[in-house]
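Two complexes are shown next, each including subunit A; its partner changes from subunit B in the first to subunit C in the second.
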Partner chain A sequence: MSQTDFKQKYPQIWKRFTPAETLVRYIWYGGIVFIAVWSVSNLDIPWFYFLDAHVQAADLITRMIPPYWPFFLDIIQPLVETLHIATLGTVFTIFLAFPVAILSARNTTFNKTTWFIGRFILVTSRSVNTVVWGLLFVAIFGPGPVAGIFSVAARSIGFVGKLIAEAIEEIDVGAVEAIEATGASKLQILLIGVLPQVMPIILGTIIYRWDINIRESTVLGFVGAGGIGIVLYSSINLFAWHEVSVILVSIFGVVILSEYLSIKARARIT
Partner chain B sequence: MFIIKGLSKTYPGGVTALEEINLEILEPQVVMVIGSSGAGKSTLIRCINRLIEPTTGSVQLNEVEITTLGKTGLRKARRRMGMIFQEYNLVDRLTVMENVLSGRLGYVSFLQAYRRKYGPEDISAAYELLDRVGLTENCNSRADALSGGQRQRVGIARALMQRPDLLLVDEPTASLDPKTSRQIMRLIVELASERGTPALINIHDVALARSFADRIIGLARGRVAFDGTAAEVSDQVLTEIYGEEDWSATIKNDGSDSSGDENLLSKIEKESSAG
Partner chain C sequence: MSYPTTWQPPRFFTNPYVRYGVILGVLGYFLLSFLTLDADWQRTLKGIPRAIDIFQRMFPPNFSRWEILVRGVLESVQMALAASFFGMIIAIPVGICAANNLVPKPIYYIGRAFLGISRTFHSIIIAIFFVKIFGFGPLAGVLTLIVDSFSFIGKMVAEDIENMKPGKLEAIRATGASFPKLLIYAVLPPVLPRYIGVSIYRLDANIRHSTVVGIVGAGGIGQTLAASFSRYDYGFSLAILMTIVSLVFLGEFFSNWIRAKLR
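Entry: the complex of A and B
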């Protein structure tokens, strides 16, 4: 077959999208631009503050520097308290998230009602921010670390439970079928057939959540739920910027450390 | 004593997988079920231990009617039936020993299962089976560290840990190479006959089925199309089960000078039985 035959037989133009598809894409682009413009115009932003924003930022930094380092001795205790709140809240989560995940996964839940209950717990837990949980638990338990622990746990159950539930829905059903075929009970099937398969996800998620919880519990003190946040809040209110910088640097150090530990620990999970 | 009467399964959506299956296994024998994909082999085995619920019919094992059992009764009945799977279906992240001992789950409490606390007779039975299937060394390896053939040996040991009255075996060699397939099949057949346990084995490799079966059952479109000995499997029988094809190489008698797959297979068999 000669070159010219090819030219006649096969088309030389190929387009990824039809004209209609291209039009739809441009409509999407236009829509996104419209939403952005509409949002900004609707927000009534005081633009004149932007004029000297860089001056204000520079001023704040000069007031923070040098940090008043002796203040660090005063915040060791609240820092440790913050770590305890995050860690205890995460420990609670370990025990609560797996049962909720069992209820929320379609392949392990008992019936429609239990599935709905599980999903309801997950959605409730996730739709409320840790600080808002803090407000609620301070009202229940009074100010202090107990409220902090409960709010950390309340928020983490949804996060950890959802990820475990998704992992449960993707396990190898063959192994579960085999355990079922031995005459094992429902609970034994969960223990021997399901749990080992999702163990890496459970451990990885819990460690990751512990890392997040340390960051989140630094602000729990703003609403009175214990930890370093209480000190940070009062230092800001007193305009004690030399102290604020000490607190921020300390939080930064703790967060870096927890992230390092979290990465190390998760790398060891096989 | 194992008796199936009028067993049918129609899936939601109207696909009929099994139609009026009648089958009796009255003595310890190895029964191979052959048939093309979709003939209902897997459904048949799973309707026996009710991993799939049969639509109608009766399944009796040692005078116990299985199809009407409640939850607890079904669990008790399942303890009497060991199952071996095509994809081995081990719990990958558990050790070989944990997988083998899981065959006793029907006899221990939740707490015992959690603490991996099995009775001394169970432990020694597990060691004996691991020795028998040649995996004593791997007892504490994780299941996902083993090769396909080794994993199926663990699957066999787990099923036999139940000391079953019936072995249900679903395509045990379909994921294995020809040599390992023959070794695994030989192991299943030997263990079944040593222990006097009848075995119902699904298999699509007709040559393999013929060389190990006491009895062969052919399924076609959810019905029993053949029930007889390996020698009775003829050209005509295979056409009935699978449809029109040149079957001469598949049913040719072994030992003669020949060419092609059959020759290669019999050579492999001689090597593996020697080694």
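Entry: the complex of A and C
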């Protein structure tokens, strides 16, 4: 082996990638930057809005401080309603998500068609945002918390159902076979063989979703579906910024509290 | 000692008083929240025929104004792409600042508080503020999605860094490496794969969220959707919804494909 060959095979400086790999990587980087630039340039963003943005932001903050604390008494009831919307929507979800999850798990579904139906329900439910579901249910049930509950449930089915379906697909087959061997019916297999195995995941997911739902139901009022969002929206439209800051602080408190509860409860379960 | 003759599944709460207490408490709360609900049941019952009516008017979906639809969807996708890109970039410094084992305590608390506050508020609330500051249009939407993205990715990055084995950090520190070198040689390699995975997941989530920030005037297909609902133009609404669902489905398929390839 000559000196140059040796140097090429064992270079003095260690490099992680070969030149070809480096080229491919740079092509990826270039592509990503190109997509970002293309997207931004096509959005025709009025860049001059940035010029006075800090003025606008400062203006907003000076209007919000100090918060008008007595307003808090007026928003206790809507806050409680927000919690109720999230809770009842999640309760609905428990009953709806498990059957859908059974349909969409490959090992418990009945046939290809039911599997497809289950998956379709999950995808549809998940791709439509809670607030968009809110638009639909407000049109159906009229403004109010009932529409909110239905929209929370409609969105949560996809989330909870998907995670439960994934859990069902990973259960221990032995337990199911043992129940099958006793001559149990399909329903008994589901209730005794499958349900106990996925119960911790169902509870954990439900509690996790409850905590997300509280966050989501704070804005359902923007489309008229009840809760604190209605008050927030009207305060914003009235430019009552010192009320807005009270609402934001209380939303922050409620969300943090529910997140804390949800983390504690989930730590207890798993 | 007598053995039980019937099998009992293992219980979650072993103490029966606690068990029934918890069950009663939870059921009681559900009942209370249901009964105190400020709902107009008469109006709710009327909803069933209304639902049938709305669904009848939704079918067939009306794709005749597909130009508006395509423009809105394209705007949503561009918002999602731009927001994911900038969110990914901003998430790195924020995530590093919120990692307990890398930065001094004061910076850590600032980083955590920053992530906590931006995660608490729903994107629509954030969107309203950006609409007030930057005016109506996609700019407010992009900024909202950026906040959403960097708080989500940043939190994941911070957790990943905190879960790193301390040995790697110590080894690189022992060579006398500066802080940037520490980041490149100790932190980057173990964190990078999941960072990319989370970012791609976020792209897919941004496509979903970009359809909704428009409801408060922050651009994208959501604006068109909200307008069609308020005009009772349900045929067009269904067309938009179908487009959103298929777009999200495609986005999810794409992100699963890339994440499977990365593994």
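In this text, the second predicted complex is superposed on the first by the 247 of 270 C-alpha atoms of A that agree within 3 Å, B and C clash if a C-alpha of one lies under 4 Å from a C-alpha of the other, contacts with A are read in each partner's own complex, and residues count from 1 in each chain.
We take it that a contact is a pair of C-beta atoms (placed from the backbone, for glycine too) under 8 Å apart; a residue touches a chain by one contact, two chains touch by 3 or more.
Please read all numbers here as calculations on a predicted model, not as lab measurements.
Undergrad: After lining up the shared chain so the two structures overlap, which partner does A:140 touch, if you call subunit B first and subunit C second: first, second, both or neither?
TA: Only subunit C is touched by A:140; subunit B is not.
Undergrad: Touch check for A:196: first (subunit B), second (subunit C), both, or neither?
TA: In the superposition, A:196 touches subunit B and subunit C alike.
Undergrad: Answer with first, second, both or neither: which of subunit B and subunit C does A:185 touch in the superposed model?
TA: first
Undergrad: Which of the two partners, first being subunit B and second being subunit C, lies in contact with A:56: first, second, both, or neither?
TA: Only subunit C; A:56 stays clear of subunit B.
Undergrad: In the superposed model, which partner reaches more residues of subunit A, subunit B or subunit C?
TA: C
Undergrad: So subunit A touches subunit B in one structure and subunit C in the other; where do those two contact lists coincide?
TA: 196
Undergrad: Contact residues on subunit A for subunit B in the complex?
TA: Residues 172, 174-175, 177-185, 187-188, 191-193, 196-197, 199-200.
Undergrad: Taking the touch rule as given, give the residues of subunit B at its contact with subunit A in the complex, in rising order.
TA: Residues in contact with subunit A: 49, 51, 75-79, 81, 83, 85, 87-94, 98, 102-106, 110, 113-114, 155, 158, 162, 168.
Undergrad: Tell me, which parts of subunit A touch subunit C in their complex?
TA: Listed in rising order, the residues are 32-33, 35-36, 38-40, 42-46, 49-50, 53, 56-57, 60, 80-81, 83-84, 87-88, 91, 123-124, 126-129, 131-132, 135-136, 139-142, 144-146, 196, 215-216, 218-219, 222-223, 226, 232, 236, 248, 251-252, 255-256, 269.
Undergrad: Name, in rising order, each residue of subunit C that touches subunit A in their complex.
TA: It comes out as residues 9, 12, 29-30, 33-34, 36-40, 43-44, 46-47, 50-51, 54, 74-75, 77-79, 81-82, 85-86, 116-117, 120-122, 124-125, 128-129, 132-135, 137-139, 142, 208-209, 211-212, 215-216, 219, 222, 225-226, 229, 241, 244-245, 247-249, 252.
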